[in-house]
Structure formats: C-alpha cells, structure tokens
Amino acid sequence: MKNITYIEDFAKWRNEFMFYIPIHVRFSETDMFGHVNNTSAFIYFEQARIEFFKDRGLFTNFNDPEINGVPVVADLQCDFHKQMYFDEKIKLYVKANSIGKTSLDLHYLATNENDDVCLTGRGRIVYMNRHTGKPKPLTSDIKQKLMN
Amino acid sequence: MKNITYIEDFAKWRNEFMFYIPIHVRFSETDMFGHVNNTSAFIYFEQARIEFFKDRGLFTNFNDPEINGVPVVADLQCDFHKQMYFDEKIKLYVKANSIGKTSLDLHYLATNENDDVCLTGRGRIVYMNRHTGKPKPLTSDIKQKLMN
Amino acid sequence: MKNITYIEDFAKWRNEFMFYIPIHVRFSETDMFGHVNNTSAFIYFEQARIEFFKDRGLFTNFNDPEINGVPVVADLQCDFHKQMYFDEKIKLYVKANSIGKTSLDLHYLATNENDDVCLTGRGRIVYMNRHTGKPKPLTSDIKQKLMN
Amino acid sequence: MKNITYIEDFAKWRNEFMFYIPIHVRFSETDMFGHVNNTSAFIYFEQARIEFFKDRGLFTNFNDPEINGVPVVADLQCDFHKQMYFDEKIKLYVKANSIGKTSLDLHYLATNENDDVCLTGRGRIVYMNRHTGKPKPLTSDIKQKLMN
C-alpha cells in the first residue's frame, strides 16, 4: 500500500469498516482504456454514503421541507490502487472515521473479488441548515447513530 | 441509409435541419469497446433539445413556479449508423418535425467531421401542466416559435 | 397504456417476460426535476441486456479476440410511462421478442414496487463479425439459447 | 477560502493558471438537489486534463500501440466551494503544479460567470509503461512541454 495521508495504520484502518454495499460494475461505467472510468469511483462513493446513512436511520427524508438539516459534501478524495473491470463485483465499504461539531469525515474502501484493494478514499460531510446554508451542530442523537 | 420508419425522404428530411449544437466527445463517454457508449446519444439529444428550445425563447424558466407548462419527454428513439469516437467533434441537429395540439415531435441527426451520419432519432415532447400532470394545449405563440 | 407500435396486446406481451434484473435507483441518476433522468433508462436497458445474454450463456467473452461474433446495438427506443425516483427498486425485464437471420429484437419493461409500468422499450441487436463489421448469421445454437 | 492543504497562497496559486476549457453545464449533470451532482466535477477535471495535455502536444496518441508511455490517474481530490447549476458556463482551469521523476501533480480550478470559485482540486498523474504497468521516467521533452 503506497503512502496515503489519511491512513495511518492500514490494517487497523481497514479492520474498522463494518458496512459495505455491493457494486456490480456496469458496461457503461467502463471507458476506452478497457476498465472502469475514474469518475465512476465517486458515483460508487455517493451510493455507499447514502446507504450507510440510511442504515443508521439518518438523513432519510431529503424531500421533507420540515427537515432543515442536510448532509453536504465539502470535499472528496480517492486513491486508485487497482483497476476495476466490467462485470466485477466490488465491495464498497464506508465508515465515519471522525465526527466533529458540525461535520464528519467518511472513509471509503473498495475491494474486488480477490480481496484486492481497488480504491481508498475519504470526504468531509458538513451538516447544513438548508434554509440558511450555514453549518449546524450535529445532535448527540446523530453522533450516536454514526458511531454505532 | 437503412430503412427508418420516421424518415420518408432522407435528403429532404436532412435538409430541413436549421439548428445544431456542437458536441465534443468526452473520454468518459466512451466504453471498453473503444467508442462512444450508446447511452451517451441520449445525453446529446437532451442537450440539443434544451438548446433548441432556448434558441426559440421557449421553456427557459424551469425554476419559475409561476410557469405551469413544462415540456416532458414521452418517448425517445435512436438509430445508430456509425460509431463515434473520443475527441470527435459532432454536430447534433434538432428540429420540430411535427406539432400537434398538446405535443410535438422532435427529430435528431448527428454527423461527424467527415459529414457521416452517426445517429438519427426522434422523440415526442408533451406539453404538461406541472401541477396537474395533464397535457395542456400548445399556445399559438409557442407553435409560432417552434416553426420559425 | 397508450398506443405503442411495438406492442400489440399488452397483457400478452408483458406475460412473456421471464427474466429481469433488479435496479436500485442511484442518487446520481436523478436530475433537477427530482426524478430519474431520461438518459438513465438506456443505462438500465444496457445492463439488463448484458445480464440477459449472460443468463443464456451468450456473448460472455467480449475480450477474447478469437471470438469474432459480437452483438451490436442497431437502434433503441423507450416510452416513458411513469417517473422513477431516487431509491426506488425497479425490475427491468428483457426478452427476445423476435429472432431473424442476423439480428434479434429485444424488448424491455420496467416496473416499480407498486407494479406500475415505468418504461417500455425495444431495440434491435445485430450479430456482427467484429473484424469485417458485417452482419453474420445467428447460429442455431444461439437461437436456441435465446428462445429458452 | 477555507483551508486547503494543497494551496499555500491562494492568490498566487490562482494566478499561475494559464489554460482552461469552457464547460457548459448539462441538464443530465444535475441531480434532485437542483445543482450539479458531485461526481460531475471529476468528469470536468478529466476533460480539462486531456485538453491540457493536447494543448501541450502530449499523450495525444492513446491508440498507437507503439507508444508505451501513458498517463495514469493515481489519485484525485476535489473541494466543493460553491454549487454549480444547469446552463452555467464554467471555466475549468488546469496546470502542472509540480513535476517529479515519473509523475506530476495537476491542479484544477473551476469558476462560474461571476468569477466565484466553485471547485478546487488536484491529482497525481503517473507516467506508466503500458506493457509492464511500471512507472517510467518523464523525458526532458515532456517536462519542457509541461512547464511552458
């Protein structure tokens, strides 16, 4: 594993993932180089993130105007370790790596059927008031659900 | 040109196109077969359709809640005549081929730099009341702008 | 069901589908109108088509240069009956509706969790010699597998 | 401008960009939140990167089997500063921020028509031998073209 700033101890880091979604690589996600296009990694991250939140019972009612706190992507980062190919079955892991006052850091790991590490990544999510566009504090209930 | 149900006389049909948008094929739009993925054709059609309407001064305020008439895609159809490749510069033509009471038929043509026909297509657009979800009559003003 | 040229008797047509893939609508597949973007329908069709062929043991070795017969999309057509939304679980059905000498017609049907028909569609696949780019006859073995 | 690890002095950093491509935001690139989906940022980065290399006369013959050196994306990173919307005209800037022995760091900046900073980003490109999959030294000719 090459040196990655957001991973201190890879074995420990990897071991902390408890949740993943299966991704079945689609033909349309490949490019003329014969493997999955780089941009698809972030589609996979987004889907994993949403399912992770749903699994924790968080942020499930995006369409409810009563709910004014929404998770917003502040940044995204991905390291490409191994190419992924059409028809591969990928496991896309996600975890809350750290939780702050108004934001949290999600970390991502993608492995293929040989258990090779294909992608690692991270990104900060800010909890925002959708009406004011300002960060708002993560409640203790939200923090509790994220840490479970 | 193979037989296509929506084109009677190809030379005449082609000659009626007056509007096009340039499309520069992106790397991410290719697939592992080395050419543009089939699904990208419909992204190009959508973009051409929107620019065509804008050019006619139609349907430009999608976000204005006061405006209750919106164009909705009822169907789409595409014939693939020649592969398109990364970095090619495509002309994507669009025209209103026929205009009915509450809907219109848009036709599409894509050509490459050698003037080869890559795609032909069509699709019906229904003019809908966004609040009721029911078709509403195209005004004479809209019809006039479409026929210009 | 509105009038659709490629469907004679809808109940009979629908009843003939034996194979489907599940599609879980991704967030990135929606657009600013709040539902699934039209172009995603064709990504779903492509994935269903590939899985259908795989299920029949057909066209599974795209990367084997020894295999010179490949399925090529000649045209695609989709009718949009009902909007699909983020997080919906869609069944995407596919069947070989008719089989010719060098091509076949695939038909598609998408239903949501309420069993509403969201999409119907079709498209011709030509069996091509990848080296000459010419259509080649579908073998009786291929035809047999398609009709199962 | 929030704190970003890869930017020391924002004014200086921004001033060094000499090359950009125009991006016209497509309808299909939005999502149900009403703005550009996060994953589209990386499609824009890819297109800017390819055009930048082409502008420098580099890596233009991806399909030539004689050419064994290819640029491979090792990592990608993006900070989202301001939402982008349908129909906006974005300038996507790219520059070679640093050049190493076998790799280089590209930096990215996206601004809208009000000159607001929408995205900043970076990513390392490794120059690889496509046959061995091993990094190979950037020639002085390549370095020269990158620094122009």
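In this document, chain identifiers A, B, C and D correspond to the written order of the chains, with residue numbering beginning at 1 in each.
Everything that follows uses one rule, which is that a contact is a pair of C-beta atoms (placed from the backbone, for glycine too) under 8 Å apart; a residue touches a chain by one contact, two chains touch by 3 or more.
Only a predicted model underlies this, so the values are computations on that prediction, with no experimental measurement involved.
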Shared interface partners, meaning chains that touch chain A and chain B: C, D
Chain of greatest Cα-centre distance to chain A: B
Centre-to-centre distance between chain D and chain A (centres being mean Cα positions), rounded to whole Å: 22
Centre distance in Å when chain A and chain C are each reduced to the mean of their C-alpha atoms: 31
In chain B, residues with contacts to at least two other chains: 27-28, 32-34, 37, 39, 43, 46, 62, 86
Contact set on chain D toward chain A in their complex: 32-33, 37-39, 41-43, 46, 62, 72-80
For the chain D and chain C complex, residues of the former touching the latter: 27-28, 30-35, 37, 39, 86
Chain B residues within the chain D interface of the complex: 26-28, 34, 43, 46-47, 50, 62-63, 86-87
